[in-house]
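Chains here go by letter, A, B, C and D, matching the order in which they are written, and residues are numbered from 1 within each.
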Amino acid sequence: MKDVHALPPRPGSLTLDRVGISGVRKPLRIERPGRVVPLSASFTLAVDLPAHRKGSDLSRNAELLAERVDWPDATPVASLEAACSSIARELLGRHPYAERAEVRAEAEYFLPRGVRPGRSSLENFTLLAEGLARREGERIVVRRSIGAEAVGLTACPCAMETARDLLEKEYPALRAPELAQLPVLTHNQRNRTRLRFEVDEEVEVEADRIIEAIEAAQSSPTYAILKRGDEARVVVDAHRNPKFVEDVVRDLLTSLPERFPDLPDGAAAFVGTVSEESIHKYDVLASHTATLGELRAARAP
Amino acid sequence: MKDVHALPPRPGSLTLDRVGISGVRKPLRIERPGRVVPLSASFTLAVDLPAHRKGSDLSRNAELLAERVDWPDATPVASLEAACSSIARELLGRHPYAERAEVRAEAEYFLPRGVRPGRSSLENFTLLAEGLARREGERIVVRRSIGAEAVGLTACPCAMETARDLLEKEYPALRAPELAQLPVLTHNQRNRTRLRFEVDEEVEVEADRIIEAIEAAQSSPTYAILKRGDEARVVVDAHRNPKFVEDVVRDLLTSLPERFPDLPDGAAAFVGTVSEESIHKYDVLASHTATLGELRAARAP
Amino acid sequence: MKDVHALPPRPGSLTLDRVGISGVRKPLRIERPGRVVPLSASFTLAVDLPAHRKGSDLSRNAELLAERVDWPDATPVASLEAACSSIARELLGRHPYAERAEVRAEAEYFLPRGVRPGRSSLENFTLLAEGLARREGERIVVRRSIGAEAVGLTACPCAMETARDLLEKEYPALRAPELAQLPVLTHNQRNRTRLRFEVDEEVEVEADRIIEAIEAAQSSPTYAILKRGDEARVVVDAHRNPKFVEDVVRDLLTSLPERFPDLPDGAAAFVGTVSEESIHKYDVLASHTATLGELRAARAP
Amino acid sequence: MKDVHALPPRPGSLTLDRVGISGVRKPLRIERPGRVVPLSASFTLAVDLPAHRKGSDLSRNAELLAERVDWPDATPVASLEAACSSIARELLGRHPYAERAEVRAEAEYFLPRGVRPGRSSLENFTLLAEGLARREGERIVVRRSIGAEAVGLTACPCAMETARDLLEKEYPALRAPELAQLPVLTHNQRNRTRLRFEVDEEVEVEADRIIEAIEAAQSSPTYAILKRGDEARVVVDAHRNPKFVEDVVRDLLTSLPERFPDLPDGAAAFVGTVSEESIHKYDVLASHTATLGELRAARAP
C-alpha cells in the first residue's frame, strides 16, 4: 500500500514547525502518595516536519498515546507531566525525521476542601502539563511544564476605599475610630488563576502545592458547601484580603521562592489571572513570567 | 438529476419532528425609530418531515434566509422576530410537505448606557427571537417570540445579613442605631437574565424595553466605563438592592403587567436567571413561566 | 443567625418552577459488570419554590451531592441515572416545601473500540442522566432518564448520487455494469447523535447498549487509531452506508424495539442528531420523540 | 478620593508584563472601498506595569475604546487593525508609566460567495487584528498584525490512495486506464485556517485578499447555498484537490510572495490550520511561521 505521507512533497516545500493531533480525550490514572487518581485528559501531540517529507505519520501519535495511557495493561503514570514528557521523548523515536516533539495535556482534578470539619467536599481544579523534547546531536533533551488553574474569589481594594468614602459621607458614625478596620463592601467576583512551571525533565513539582499557592494568592478560595455561618466567614475574610489582579500575580510570584525552595534558579514560572468582574460585562487580566532566580533576587534585601 | 430527498424512504418510516439547519451566521439590519441597526445573527431553520419522504430540501432553507436578510437588495427588516416569523411562514410555502416550521435567531445587540453624562458607552446584550408557523387547514398560523438577555450584578441578601451578625460581634460600634441602614459587605457576582415573550404574530414588543425590564430586576446593571467615584456608587447602590436569583425572577415577572400593559393575557413570559456565584465554582439558577393573565391576577389585591 | 431564605417574600409573590445550582463538577464511580468506572460529571440540582418562601436552601443541594458522590466513604453508585434519581428523591426530603425536584448530570465516558485486534483504544462518549421526582400525595414518584451521545461519521447519500452523475459524464467508463455498485465520492463529516430514554425509576437501561445503538445508526463509528489500511476500510464502508440526518434518526428509532425488547411501551425515546457538514459552515440537524409503544406499532406489518 | 491604583505596592514588588481588560464587546464600522462595513468585535487592551505602582488605571482602557469606536460622533475606522494600532499608541499616552501596550481584536466578517451567479450569499469569516506599541526613547513604535480565519473543506489524499487500492481489488474494472484520473472517495471535513501578518504600522494588507489566499489553499471553500448540481461540483472539485493539513499550510505560505508582492521582507506570516477529522473524534493541526523574505528565498530556483 502506497505510503503517501512519506512521498516527497512538491519541490521547494517548506519545513513545518508543528504537525499533530489535538483534542484527543483519554482517561488515565496518576499515582499520588497512597492513592491512584483517575483523570480525563485532553491531549495535543505534535512534531515538526522536514522539507523532504509530504506528511507526518499521525496514526503513530494516537497509537503511542493509547499504549501509554489507555491499554489494559497500562500501569498508572507518575503524573500528568511525566506522561507528557515520556510520550514527547518517544514521539521522536517514532518520527525519526522530526527534531522536536511537544505533548500537552489538560485535565480536571479534584481535591478535598472545606471551611471546617464536616463541610469538606471535592472542589474542581485544572491540571496543565507539557513535555517538550528536542534532539541535541545524539541526545534527546526534554523540558516539562507542570501547572494548574484554580477558581477563587477576588474582592476589589479600590472600590472598597471609594465605597468607604461615599458611605462615610452618608453615615458619619462610620468614621468612629473603632470602625477604622471594619471591612466595607466592594465588588467581588470569580477569579481564575494559572501557575505553570517550566523545568528540566528530572525536576518534580507536586501539583497539589501549585494549587495551594494559587489559592493563597486570591482573596479567598471558594467552596461547594457553605452553610449560612460559613458563607459569612468566607465573605468577611475575603474582604479583609482585597486583591487587584495585579496583587494576585505579584503575591503568587513572590510566594514561590519560599513555597518551592527546591526549584532551580533556571525554572521559569508563568502566572496568568482573570477576574470575571461583577461590575463589568468584561474581564480583567494580568500576567507575568519570571525565573525562580529572578524571583529570589527580587526578594533579597 | 435524481432527487434523492424526494424518494420514498424505507417502508414503515417515521415522520420526524424537526429537520433543518443551525448555526447559520448572517448579518442583517433591523429598523429602529430613527435608525437602522446592523446585527450579526445565528439562525436555526427547521420543518417537520412526513413519513413518505426520505429527506428535507435543506438548500431551500439557506436560500430563503439569504433572500430575506443578505441579498444586496434586502431592505432592513422591522425586527429580528419579524424576520423569524415571516421566514417561518415562507418555509411552509417552500416545504409543501411540512406542517410546522420554526425559525430561531440570536444576535448581539448594543445600547448606550452610562452612570452619568460623559460616561456613556455601548453595552452588549443578546436578542432572542423565534417564529413558529403551523398549518391550520388552509391557513398558516404563526406565533413569535421576542426576548433578550442582559448581564448585570446581583448582591446576596443572605450573606449580607449573616456578615452583619459576624461583623457586629467584632465591631460592637456597628450596632449604633445610626448605622442600622448601612449596607454591609456581601458576595456579589455577574448575573445573566433572560426574558422572552411568546405572542401571536401581530403583537409587537420593543426589545429595548425588555432589556430595561431585566436591568431593573437585577441588583444593578453593569457598565463598561466606571471611574473611581462611579464604581463606588454602583457598588453601594447594588448593596442597597440585594437579590437572590429567586428575587430577580419574581421581581421581573411582577413588573411585567405595568411595563407591558398592551400585551394580551394570553402572552406567555419565560424568565430564566443564572448568577455566577463568586463564592462557589458553580452557578445558581432560577426560572419560571407565566402568562400575562396569570401575572395580572397575582397582582390584583 | 437569621434565616433569610425562610422569610416570607413580598406579599403577592409568585411560586417558582425551578431554583437550584448548576455546573457542579464532581468525580464519582459507577459500577459496571466486573469493574468500577470513574467519571467526572457536571450536575444540576433544582426544586420548585412555593409563594410563601423567599429563598431555596441551596446549600442543602451541594451538601446532598457531596454525601452521595464524593465523601470518602461514598460507595460506587449503580449508575449515573441511579445517582440522579436517588438524589432527586432525597432533595424532596431536604426541601419539604418543594413539590418537584430534578437532578441532571452529564459525564464523559470511555469504551474500548477498534477496527481490528491490536488497534483498539478508548473512545470518548458522553453519558446523559436525569432524575425527576414529584410528590403525589404522601408518595414520591420518580422518573429517570438515561442517554448518551456518540460522535460518528455520516456520508451524504444525495451528493453521492449527483457526484456519480457528474463523474459518469466525464468518465463514461464509470457506467460499466461492473462498477454499478462502486461507492463513489461524497461529502462526509462528524455527526453527533444523542439517544435518551425517559422511564420509571425501576427501569434499567445499559448505557453501553445505548452507545452501540447510536453507532449502528451512523454511516460509521470513528476511531482514534487507524493505520493506512484501516482508514481505507472505514471510509469505504461508510460510503456504502450513506446517511442523511433524517436516516440517522429514523434508523436509530426503528432499531429500538429489537435492541431494547424489555423496555415498556410507555418508555419515551428522544433522538437528536447534528451533522457538522463539511461543505457548509453551518450544521444540519434532525430530531424526533416517540414512545416504545409507538415504535413497536410502526413496525407491525 | 484616594487613588488606590497609584499607591506604591509592597516593597520589593515586581513589574508585570500585562495588565488589562479582555472580552470587551463593541460594534464598530470599518471603511471598505465604496462601503462601510459594521462589525461586532471583541477587544483585549493591556499595558505593562512598573514595580513602583500598585495598579493599572483600567477605566482608561474602556474609556479610550469607547471614544474611538462607539461614541456617536465616532467616524468609521479605516480597518480593524488600524483601530488596534492607533488605540495601542494612545494607550501609552494614557498610561504614562507603561512601556508597552497591546490591543487585540477579533470580529465576525461577511463576504459574498457563490458557486455561480444567483447562488451567491454572505459567508462568515473571522477578522484578527492587533496593535503592539512600545516606547523607544521619546518615540512610540507600533507593529500591527492583520489576519483572518476561513472555514473550508479538506479531502484526505492518503485515504484516497488507499481507498482506491481497496476498491480496485473489489472492482477490477476500476483499473481501466480511462479511470486512472477518476477521483475516488476519501474522508473530508471542515478545516479552519488562519493567516496572520505582523508588519510595521504603516503597512496595509487587505483582509479580503487574506481570506482569498486561505480559501485557495484548502481543498475547497464551503458555501451556504448549494443546490443539488452545485453540491456535486464542489465535492468533486474538492476530491480533485485533496490536501493534508501539511499541504494547506505549505501551499498557503508558498502562495504569499505572489499574492502579496508589496509586503516587505521583514513581514512575518503565521499560518495555523485545524481539520476536524470526520474519521476521528479529534482534530489534526499544522502550523508554521516564516518571514516574507524567507518565503521569497525558498521560491528562488
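A few comments on the model shown:
The rule is short, and it goes like this: a residue touches a chain if its C-beta (ideal position, glycine included) is under 8 Å from a C-beta of that chain, and two chains touch if they have at least 3 such contacts.
Everything numeric here is computed off the predicted structure, so don't read it as measured data.
If you take chain B and chain C together, the chains in touch with both are A, D. Note: the chain lying farthest from chain D is C, by mean C-alpha position.
Of the two chain pairs shown, A-B and B-D, the one joined by more C-beta contacts is A-B. If you average the Cα atoms of chain A and of chain B, the two centres end up 35 Å apart.
With centres defined as mean CA coordinates, chain D is found 27 Å away from chain A.
Chain centres here are Cα averages; for chain B and chain D they lie 31 Å apart. The multi-chain contact residues of chain C, meaning those touching 2 or more other chains, are 1, 24-25, 62, 124, 158, 162, 165, 224, 226, 228-229, 231, 280-282. Arrangement of the chains shown, judged by which pairs touch: all-to-all, with no pair of chains left without contact. Those residues of chain C whose C-beta lies close enough to touch chain B in the complex are 1-2, 4-5, 9-10, 12-25, 44, 46, 49, 54-56, 58, 62, 157-158, 161-162, 165, 244-247, 249-250, 253-254, 274, 280-290, 295, 298-299. Residues 1, 3, 24-27, 38, 40, 59, 62-63, 65-66, 70-71, 108, 110, 120-122, 124, 224-229, 231-232 of chain B are the ones that touch chain D when the two sit in their complex.
By the touch criterion given at the top, residues 123-124, 151, 153, 158-159, 162-163, 165-167, 171-174, 176, 178-179, 181-190, 220, 222-224, 226, 228-229, 231-236, 238-239, 276-282 of chain A touch chain B in their complex.
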